[in-house]
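Here the chain labels run A, B, C and D in written order, and each chain numbers its own residues starting at 1.
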Amino acid sequence: MTASTGTSKALTSQVELGELATGQALTAPLFSFKGSDSAAPSVYIQANVHGAEVQGNAVIYQLMTLLESYTILGDIRCLPLANPLGINQKSGEFTLGRFDPITGVNWNREYYEHADIISNIPQWCELNQGLSDAELVAAFRELLTRSCQQRIANSWGISTGHRLAVTLQSMAHDADIVLDLHTGPKSAKHLYCPEYDVEAAGFFSIPFSLIIPNGFGGAMDEAAFYPWWQLQQYCATQQRQFDVPVAAFTLELASQERIDMADAKEDALGILAYLSHRGVIEEKVLPAEMPRWGCYLKDYKKFHAPKAGLVEYCAEVGKPLAAGEPLVTLLRLDQYGSEQALTSVSLPCDCVPVLHFASASVHQGTELYKVMTNVFEIK
Amino acid sequence: MTASTGTSKALTSQVELGELATGQALTAPLFSFKGSDSAAPSVYIQANVHGAEVQGNAVIYQLMTLLESYTILGDIRCLPLANPLGINQKSGEFTLGRFDPITGVNWNREYYEHADIISNIPQWCELNQGLSDAELVAAFRELLTRSCQQRIANSWGISTGHRLAVTLQSMAHDADIVLDLHTGPKSAKHLYCPEYDVEAAGFFSIPFSLIIPNGFGGAMDEAAFYPWWQLQQYCATQQRQFDVPVAAFTLELASQERIDMADAKEDALGILAYLSHRGVIEEKVLPAEMPRWGCYLKDYKKFHAPKAGLVEYCAEVGKPLAAGEPLVTLLRLDQYGSEQALTSVSLPCDCVPVLHFASASVHQGTELYKVMTNVFEIK
Amino acid sequence: MTASTGTSKALTSQVELGELATGQALTAPLFSFKGSDSAAPSVYIQANVHGAEVQGNAVIYQLMTLLESYTILGDIRCLPLANPLGINQKSGEFTLGRFDPITGVNWNREYYEHADIISNIPQWCELNQGLSDAELVAAFRELLTRSCQQRIANSWGISTGHRLAVTLQSMAHDADIVLDLHTGPKSAKHLYCPEYDVEAAGFFSIPFSLIIPNGFGGAMDEAAFYPWWQLQQYCATQQRQFDVPVAAFTLELASQERIDMADAKEDALGILAYLSHRGVIEEKVLPAEMPRWGCYLKDYKKFHAPKAGLVEYCAEVGKPLAAGEPLVTLLRLDQYGSEQALTSVSLPCDCVPVLHFASASVHQGTELYKVMTNVFEIK
Amino acid sequence: MTASTGTSKALTSQVELGELATGQALTAPLFSFKGSDSAAPSVYIQANVHGAEVQGNAVIYQLMTLLESYTILGDIRCLPLANPLGINQKSGEFTLGRFDPITGVNWNREYYEHADIISNIPQWCELNQGLSDAELVAAFRELLTRSCQQRIANSWGISTGHRLAVTLQSMAHDADIVLDLHTGPKSAKHLYCPEYDVEAAGFFSIPFSLIIPNGFGGAMDEAAFYPWWQLQQYCATQQRQFDVPVAAFTLELASQERIDMADAKEDALGILAYLSHRGVIEEKVLPAEMPRWGCYLKDYKKFHAPKAGLVEYCAEVGKPLAAGEPLVTLLRLDQYGSEQALTSVSLPCDCVPVLHFASASVHQGTELYKVMTNVFEIK
């Protein structure tokens, strides 16, 4: 990480994330805004960990441009283009950036669980019971960061994707607020939001929220909040009450392989509204007025192609779809002349389709749609 | 090729196109409509030689459905899903179907030139000078078909892609009219039309036509018309005058990875209008009324990314773009803080953008747009 | 599954495993030998679930050819070419068959855990306590098979890879002995063997065995034995003693992208020795004499490239390597002129390298070698 | 191109070859040795234009190390890792570096023909008839170099692969001797040698040579010698006699995905023998003694898989194979029970197999072997 001068506001540096076969360093640009109030929450925002999901970079661009006109209280670090290997990996006319092309492992499932730290929380808390809440948070943060560094220094080495993930995670652990900017394939905007932090869903310019358990499944948001949630839960059992010190969200900002600068500004304003609410900037920025809808992860359903064929995606993402209404039309030319040549497929329950597959021809079993069921309004 | 019962109108069979590593046959369904008038032109229509370009299949579906209500004079054969290897080859969420994944060779550049036949036309014509025009055409057709069969039977074998192409070509040589249904990446509808047959461009439901030389570059349309054009040209020098006996076109039916049944019906009606004009069906079907624009291939320009970056495609395909108007916006977050972070790129001349690249992040040199320049109206 | 006549000994049928985008069925050939003694154990052998790992097919060929000369007591079913989608998926000159090209999920991690069945074992045993051991096994087997069928019939569909896996698993559940034939990338022969069944390692023609925990991690061998091991463990706590009724192993038969018919016969003879030991054939076939070495999975180490570069693989697979001896040489031409240009890398402990990566140029973090440490002799 | 200090002998710099989507520069290291005699021929050596063909880098390493002990008369420039995009592009466990992953175009078919220069040679020679031979060569060299620069500066941009190729070619045009280091898939060492320069084949440590026409097919060697051969041919018709001023060869140094430092030294010594013969170094280095065999390109045959299946490659590369001897064994398990299950394939004529396909399972039509026929000894 070598520092150099950036804009009037942001300090620019390069983060080293690995090394390509030819020896070239994998790097991403890091933009750091220094806040004026050390008590204000600090922020880490990254984008484009999945290679085709580029719109988050445009959102970071618009956010940084907006920030030039605001009073920044908390430190803000932005890391666009976070996965250069994934972004640069093309296959035909598209970006093959969802998983490591060598191992197949999803780039957003390689974060580190800190299992040892978490299983050791009771002992650690006992050892550190003399600390104030702020000191406890600082000590735990240092523990997480050091654990990441040790992981990277493993004497048998670690995988390419794990190195990337843990390097990013190490920066995320420095922050109180972590935003990981993604997109779906063909998708409506939606937010992954942990159960303990549902209120936050009201600030972003995002109409749909998935309420996820407070657990760990390998993604950045979970990696950022899960150890803290575990710490907070344990302390509560010991009569030590505090809010979960870290907030972490994954924002799915519409479709992949798409840059839309105007829409990026909308999402930048939504992030600004949340940062304003949290006191990261001094000025009041109100969230956009829109109805916001939620769904628990258990009610978020994947629909897999019941048979192979060519697909007309009939259901629009982000629009309610009643049970029995056409979801897709499946065209099977090999069955021309029979009733199977053109069939309409629908779902047995009401839902809101959130995203659909990117290609118009599918093998049997391809995930065609993800839909929210049992949707409720978030007030 | 094994026949089985199809609809009331079309006879269904399977064409064998190769064999996969596991031993499974590569096949495509062939639908044959028998015409009532042996003097009417015969037709061969194929779709989806490039794996991601699926819309032509929907057009064939709509055309076959429409044909049930018409009086068919000439034989019509339809081969959708013509490249099963390319269609089934996925890479991430998209179809990697533009080239053979082993060799990189474009599936639509593997057709056979019949170089020996063409260089031997003078001698062949002398040998066959006693034939009537119709007999000459029949004999030449047989020559081409036999040449394809010999090619496939080559004792050293032929490549996977060449086998596919020559098998398809062999069916095409049986017809007087050959339509190869493709799409662009993100594309307006356009037609590849040989110079000698520009008039045909007025019948399809396609606003833009590329007028291509009467030569051979490896594609199906060229493979179908080029030997005939050579024959016709030579005969003309020998005082034997007839029209080029074969018409062949590539139709680019908007964007890849897209099935739109309603739009497919529009294009099926356009094809029907052309077939009606040529006397393949008895009924009169008028072409859709629309302005139609042409451009010579030499004026069809590729614009390659002058630098790498994230791309907002500003120019809409199919809409005229004046010199200096924004074509794309290039976002370079690594250069945030400089004027290079967000730059607008335009072209020095008026044009009509016809298609653009599918991905929103590009290496330097990626083909961003293809545009028509020196566009003229086709009456 | 449609039956047809096979050889004098084996009945040939086709198993349907899914459907490709073009509508073609994904199928694999199934060869069934009927045993003469219904009390003898039944066998299921599959090969080539990872697309590039073809040698198991040759082993099945040699085994079936050998079986023509033996008296078959137990039913034997062989399914070569088990993953046609993976086998046929090429990328450049190699087979990209280790994971689903759309999702990245390893084809050998998609088997079904039967979590509900396993958590419900106590209740199920109580309900069925009146059954004899043989009846209990038959009832549990039916439970597993039915659970697979229900899984496949899920009303929201299941993924392509899960459908393949559960269909294969359903056949495996019918058998008492399950052999899954794989290979490594560049690899010595080795066996994955569950702790409870280490004795079996002495029969195959395989010098190295990995002793794995009796748990579930998604692979076929585990999917086949794990529910039975759980059942056996629970019954033991209830004073009902029997051996784990199902044996399941993964055989790694040297390197991928390699067919060697002579070597395949060696491995077929090894399998025959195990089947003889288990009473599946009447004749006595002795195992090959060779030292056999074991290592616990916890001592099976992955070594990841500490830096990127070009790799000369110095350590031969299957040969002991002392601490400090050269494992690989890393060539970094970008650092020519410094001591970093050519470096030798070794390990801090004695080991037996079992397999190494297939490519000679690696990103930082690529898994270079897997090595056994704390190796012991299996008697 | 920015210079920095290298070893005592070579000056190290970076060549810019393009830009990745994230903005990172594509670069390759260039090592320049300054010769002491300006009259001695200059040399350009590159390696690894095909991403999986890494051994040439090791040869360059060994050559540069050897050169430290020799007296260098002519300038020598070495560019290993010449195609960073291709080298870093993995797909599964292999390098997908033979063609541009976006367009499918072979990286070694993108060089520039200089068609305008070549068709204009008569006029250019007339204009420059006053020049001495040395001046003519210098002027023509400058013409070629400038033409490359203009090509790169094309106002509509050029493709990623063409930019790479023309940038490399521009450096090659500066040299009198051009060596392009490749490998085959599984291959014996062989040399591509133009007809006019067959004598050179006796110096490299390479037993087989393909004698190619003096024409242009898109590869580096042809791009380097073809304009000069055209110039020399034209001048000869004008009574101006001189040898073709540029020698260019493609060396195929055994198999891809392989680094062997000891073997690399053998090939480095072979190159040194040629450079010694040409007077690039002062010392005498004799070629290795070995029989050397030639074959005209027209007699270099590709054998394509007559049917699909699993392949045992029986014929060893570099060893003569008599007509009728087994080339490959094809295993078709879906046909077990018939005579088609295991078939041996041979060729109808004597040959020397030079290379074979890398994968052991093939679609029908895959290029299985390339073999030399009508082989003769080169003295």
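Methods note: a residue touches a chain if its C-beta (ideal position, glycine included) is under 8 Å from a C-beta of that chain, and two chains touch if they have at least 3 such contacts.
All values reported here derive from a predicted model rather than from experimental measurement.
A.B. asks: Would you mind telling me which chain pair, B-D or A-D, is linked by more contacting C-beta pairs?
C.D. replies: More C-beta contacts join the chains of B-D.
A.B. asks: Measuring centre to centre, with centres taken as mean CA positions, what chain is farthest from chain B?
C.D. replies: Relative to chain B, the chain whose C-alpha centre sits farthest away is C.
A.B. asks: In angstrom, rounded to a whole number, how far apart do the mean CA points of chain C and chain D lie?
C.D. replies: Their C-alpha centroids are separated by 42 Å.
A.B. asks: Where the CA atoms of chain A average out and where those of chain D average out, how many Å apart are those spots?
C.D. replies: Once rounded, the distance between the two centres reads 46 Å.
A.B. asks: When the C-alpha atoms of chain B and chain D are each averaged to a single point, how far apart are the two points in Å?
C.D. replies: Those two chain centres are 36 Å apart.
A.B. asks: Which chain D residues touch at least two other chains?
C.D. replies: Within chain D, the residues that touch at least two other chains are 20-24, 81, 87-88, 90-93, 95, 98-99, 102, 310, 333-334, 361, 363.
A.B. asks: Would you pull the chain B residues touching chain A in the complex into a rising list?
C.D. replies: Checking each residue of chain B against chain A gives 6-7, 10, 12, 29, 31, 51-52, 54, 57-58, 60-61, 64, 80-81, 87-88, 90-98, 185, 257-261, 310-312, 329, 331, 333-334, 336-337, 341-342, 357-361, 363.
A.B. asks: Could you list, by residue number, the parts of chain B that touch chain D in their complex?
C.D. replies: 18-24, 85, 98-100, 102-106, 155-163, 301-310, 332-335, 348, 361-367
A.B. asks: Show me the residue ranges of chain D that touch chain A in the complex, using the header's touch definition.
C.D. replies: Those residues of chain D that touch chain A are 20-24, 27-28, 81, 84, 87-93, 95, 101-102.
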